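Shared chain: subunit A. Partners: subunit B in the first complex, subunit C in the second.
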Partner chain A sequence: MENKVVLDTFVKETGGYVASQLEACTRCGICAEACHFYEATGNPEFSPVWKIELLKRAYEQRFTLSGKIKLALGIDKKITEEDILHFSKIVYEACTMCNKCSMVCPMGIQLGPLIHEVRAGLSNAGVVPADLMAAVNKQVEEGSPLGVTDDVFENRMEWVADEWEVDLPMDVKGADTLVVFSSIEIMKFPENIAAIAKILNKAGEKWTLSKKAREVVNFGFYEGSLERTKMFLQRVFDGAMDLGVKKIVVTECGHAYDAMRWTSYNIMDVPKGIEITHIVGLMGEYVRSGKIKLKEGAFNDGIVTFHDACKIQRRGGHIKEPREILNILAPKTFKEMSPNKEESVCCGGGGGVIAIKEADPIRYAAFELKIDQMKKVGAEMVVMSCSNCRLQFTDCVQHFNLDVKVAGLSQMVADSLVE
Partner chain B sequence: MASFTITPVEKGILRCQHTGPMTHEDVRSLAGFLHDYRGKLLVDLSGTSGEECARNLQQFRPLMPTTAIFGGEINPIILEIPESYYTHEVRYFNKEEEAMNWLRNQ
Partner chain C sequence: MNWTNVLEFARGPFFKVALLVFVGGMVYRLVRIILLGWHKDLVPAKGSKVVGAFKSFLKGILIWPFIPWVKNTFKRNPLIYIAGGLFHLGLFVVLVLGTAHMLVWKSLLGFGWATLPLPIVDWMAAVTIVVMIMLFINRLINPVLKLISGPAEWLNLLFVFLPMVTGYIMTHHLWFRYEVLYSLHMLAVDVLLIWIPLSRISHFMFYFFSKAIHGADFGKRAVEP
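Entry: the complex of A and B
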C-alpha cells in the first residue's frame, strides 16, 4: 500500500519539468563529490543521484517505453515496500537538502528539489522517520515542534525582556516589521532574541513580535508535506496580515528562510506587499547605511571563522554581509575556511537530520569535514547565521571535545554595538 | 558578589552553587556559561530558597546540560519540558549524594 501512495504522488507531481530533469542526467557522478554525507562515508547510496533513484524508476516504469520493456523482461523490478522504507532512511537521514549537488551538476539538474519530491511521496505514504514526524505532529497540534505554546512563548519573552533589559514589542498594530524567531532560538538560544531586539531597537526599526506568528520554523517543509508546509507558513502570514506589517524578518534559521522566502511563492497565495528578508541581510543594510555602528576589532583576540549556512548563504545569497561585518569586528583574525561561500560544506545537521536520533552516526561523520576545515585555519571561534547549524556545531563540539567557541552572528553584532 | 559560583567537583562535573538573588548580569553570564560548557552539572540550591530561583530555573531548563539539582525545595514540575533532540536530562534530588550518584552514571 505504501509503495502505491508514493508512486501515485510521483505520478501526480511528475510533470514535464521533472521528466526533463530526470532525462537530462548522464550519471556522471559529480553530484556525489558535492555531498558531504557521501564524502564523509563513501557510501554510494548517499550520492544525490541515487537519492532520486526511486523517483527515476517510477518515472521510467510508468512513462517511458524502455522502462516498461525493462519491467516486462524482468531487467528492472517493481518498486516494493522494502524499497520505500530503505529510501526513507536515505533521503531523510543522509540528506540535509543543502542543494550543493544542484550547484555542481553540469546538466543543471535541480537535485535538491527532486529529493524533496521523493520526501513528498514518502510523506504522503506515512514513511517518515518517527522522530521527525513526532516534531511535525507537535507543530500541528501545539503550533511548535519544541513545545513553544502560547504560555511558554509569553513567559520566555517576558524573561528575556527582564533579564537582558531589552524592549520586546508584542502585537503592535501598524509596526513596519514583524520579526519571527525559530523555536530553537526561543528555547535554546534566548540570548539571540535579546541580541536581535537590541540591534533593531538601535537601528530605530518599528518592529514587533506576534503571538499568533510566534515562530517561523517549518517541520512540514523538512518532512516534504505540501499541506503542512502551507499550514505553518499560513500561521506566519496570518500574523503578519493581522498586524499590517510591510516586512517579515526571519531570524537565524535557514530552512525557515527558504520556506518563507521562496517556497511559499510557489505553493500558496502569499500576501501582497510584504517583503521577506533575513536578519543577516538587514544587519548588513544597517551597517552599510550607518544605522548601527560596530566597535572595530571587538573580536580581534583569536582566530574567527565563518560557517556559511546552505539556505542563507548558498541559496539566500547573503554572502557579503557577514564578511563585511566580520571584517569590522575581527579585521586581524577573521579567516575563511575552504571551501566557502556558495561552495561551503554543509554542517550535516540541517533538513531535519538533527532531529532524527538514528541519523546521529552519519551526522557526526559529516561534521568531521567541518572539523578539518576549522583545524586548517586554526579556528578558535566559529560564527554562523543559522541556529540549526549552531545547534549542530554546539553538539558536535561537545561530541568531539573540540576547543572551539560557537557563536551566532547577531549576538556578536549586538555585543559590539557602539552606544 | 555573584549570586552563583562555579567550582569543579570531579572530572566532567562542575558544581553551580546558588548563593543569593540573581541580578540581570548574573542571568546573562550564566546563560553564556551554559552555552560554552560541555560537561555535566551539579546545581546546588542550598544557599537559596527554591522560590527565589524557580523562575530562572524554569527558563534555564532548555539550556541545561545533563544536570542534577539538589539542596532547595522546588516543584519538579518547573523542570518538565517536552523531550526533544536539543534537550538533556535534568533531575531533582533531595540529597547531594543521590544527585552525584545519578550524575556519575549518566
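Entry: the complex of A and C
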C-alpha cells in the first residue's frame, strides 16, 4: 500500500506553490544539462524533470480534469509499488537537492523544493534507501547519525580543548550565541571545532556549546520526513531556549543550515527573538567590522580556489563573505572556478547521497566535473564552507589520487588570525 | 466542397467557439490554481523578495532565452537553447507585430498599434518554422526528451506548426488557392485555441507564477536569481 501513502502525501502537500510550478513545466528537458548526475552518466532518468515525474503524475491524476480523463482512458498509468521503489533510487541516490536546475529552467521552476516533496512522499511510505534510513534511525535513537552520544560529545570536546589548547565554553547560561557543530566536524574534522572556537574567542563573542543541542545535522531533512526534521530541529531549539541565547550559529554544514535557517519557520514554532546564522556569515561580519584581523596574503603560495556549497552559497546566501575573506588571505593566488557562486556545480555528495553506499559509483562520476573545474584553474588547494562537501572532496581526492589540498574556510581564517 | 463556406465557418462561428473555449479554459485553470491555497512564508528574509522577482522576470525576458552561455551550462547544445528563444521571439513578432494579426487584435480589442514591415515579419516567420523543425528533431533524438515526451508533447508541436506553415504559405500565395489556404489556416488556429487550455502550451500563464516564485525564493536569500 506504499503507493497509496505516497499519493496521499502528495495530495496533502499540493497547494498553489507546488501546483502552479508543475503546471508551468513545458517538458523542454533543459534542466537535464544542469544536473551533475545526468552530465556525469548520461542517464536520462537522472534529469531533474524526471525526478518530479511521480509528483506530476499524482497531481494530474488527482487534481486536473485532463489527468482524470487520461487515467480513465488508460492513456496515463496509475502509480504502482514498482514505480515507487524505482523512483526512490533516483531521487535519493542521484539528487543532492542542489537546486542548480532551477537556475537554468527557463520557467524558473524550483525543482529542488519539488524533489523534496517527492522525498517527503517516499519517506512517509517508508521507501528510503536502507543506508540513509539507518543513519536517520541512529539520529532518532542516539541523537546523532555518527554516534555522537552525550558521552562521546563530552569526551570529544574535552579532547579538542586539550589538543588544540582552546577554550570551549559548555552550557553557559546567559551567553549570547549558541554554536552547534555537525557530527561530521565532531567525528571527522575536529580541527574545525578548534578553529571556530579560536575565531569566536578572538572576536570576543560570548558563546557557548550545549550538551542538549550538541548536533546540528538533520538527517530527517535529507530523508524528507517532516516529523523527524522537526524532531531534530526541536532538540537544537530546546538547547537554545534553556541557555537563553540570542543567536544560533550553524557551523560548516549545508543541509542543516537550510533546514534551520530557511525551513524551520514554516514547519514549526521557532523560539522568538533568536537569530539564526551561519559561521561564514559571522566570520564575514567579524572581518568587516574589524573584530578579527587576518594576515594579508597568508596563503599566497599556491593557487587557491573556492567551492560553493549549494546549501550555504546558492541556497544560503553567503556568497560574498568567503570571497572577501579569500581576497585578503590569498589576493594573488585566489582563482574562481567556472561556473561559480550561485551557478556553481555541486560536489555530488550532498543531500544524503554520501551516506548511501550504492550511490558511490555515480557520486564519484559526478565529482569528475569538479575535478575538471579545479584542473582548469590549476588549483593546488580547494576551500569550502561545508563539511559535507569536504567529506566528499576528501574522499574523492583519495579515490582519484589527486594532488589537491582540501581545506575548510574557518580553518584558514583561524590559521591566519593576527594576534 | 465549397471553400468559401468552410472559410466562413472557420473564421465565423468556429472561431468564436474556439476563442470562448480558450478564454474560459484558461480562466478556469487560473482560478483553480489560485484557490488551491498558498502558505504564508514565515521565514525572515535576508534580501528583498520583490527585487528578486523583478530581476527574475527581467533576466527571463531580456537576456536569458538568447544567450545560453550566460549560465555557463549549455556547452553541449547551445543551438537548441537559442532555437527555443528564437521560436518565442518569432511567435511574438508574427502574432503581435505583423499587420494582418494586428488587425485581428484590433477587431477584438478595439484598438491597434504600429507594426513591422512585412519582409521582417516574413523572415521571422520563416525562422520560426525552421527552428520548430529543429526542436522537433531534437525531441526525437534527445534521450531526456524521448523519456518525457508523450502524445501531448507531439500534439503541442503539431498544433503550433500547422497555423505557422499555413500562414506562411498563404502570405506567399503558393500552390493552393488563397481561400483554401486561408480556410486551412483558420481551422488550424481554431484547433490550437481549443488545445491550449488542455495542454502545456498554457505555460505562458503559469510562467508568471513560477518565475515570481523563483525570484522571490532567491531574493529572500539575497542571491541573484
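Here is the rule we go by: the second predicted complex is superposed on the first by the 419 of 419 C-alpha atoms of A that agree within 3 Å, B and C clash if a C-alpha of one lies under 4 Å from a C-alpha of the other, contacts with A are read in each partner's own complex, and residues count from 1 in each chain.
To be clear about the criterion, contacts are C-beta pairs under 8 Å (C-beta built on N, C-alpha and C of every residue); 3 or more make two chains touch, one makes a residue touch a chain.
Keep in mind the model is a prediction, meaning the values are calculated, not measured.
> Evaluate whether subunit B and subunit C can sit on subunit A together after superposition, giving fit or clash.
fit
> Which partner does A:K272 reach: the first (subunit B), the second (subunit C), both, or neither?
neither
> Treating the CA centre of subunit A as the corner point, state the angle out to subunit B and subunit C, nearest 10°.
Computed from the C-alpha centres, it is 150 degrees.
> Applying the document's definition of touch, where does A:E342 land relative to subunit B and subunit C: first, second, both, or neither?
After superposition on chain A, A:E342 lies in contact with subunit C alone.
> Once chain A of both complexes is superposed, is A:K173 in touch with subunit B (first), subunit C (second), both, or neither?
After superposition on chain A, A:K173 lies in contact with neither partner.
> One more residue to check, A:R156. First (subunit B), second (subunit C), both or neither?
First partner only, subunit B.
> Who wins on subunit A residues touched, subunit B or subunit C?
Of subunit B and subunit C, the partner in contact with more residues of subunit A is C.
> Quick one: smallest Cα-Cα gap between subunit B and subunit C in the superposed arrangement, Å?
31
> Once bound in the complex, which stretches of subunit C touch subunit A?
Touch residues, subunit C against subunit A: 29, 32-34, 36-39, 41-44, 46-47, 56, 60, 64-65, 71-74, 76, 81, 84, 142-151, 153, 198, 200, 202-203, 206-207, 209-211, 213-215, 217-218, 221-225.
> Which bits of subunit A are touching subunit B when the two form their complex?
Within the complex, subunit A contacts subunit B at residues 131, 135, 138, 145-147, 155-156, 159, 162-165, 184, 187-191, 354-357, 391, 394, 397-398, 401, 405-406.
> Hey, which residues of subunit B end up touching subunit A in the complex?
Residues in contact with subunit A: 24, 27-28, 31-32, 35-36, 38, 55, 58-59, 62-63, 81-82, 84-86.
> So in the complex, which bits of subunit A are touching subunit C?
Residues 14-17, 19-21, 23-30, 32-34, 38, 42, 44-45, 47, 49-50, 53, 63, 66, 75, 102-110, 113, 261-263, 265-266, 313-317, 319, 338-339, 341-343.
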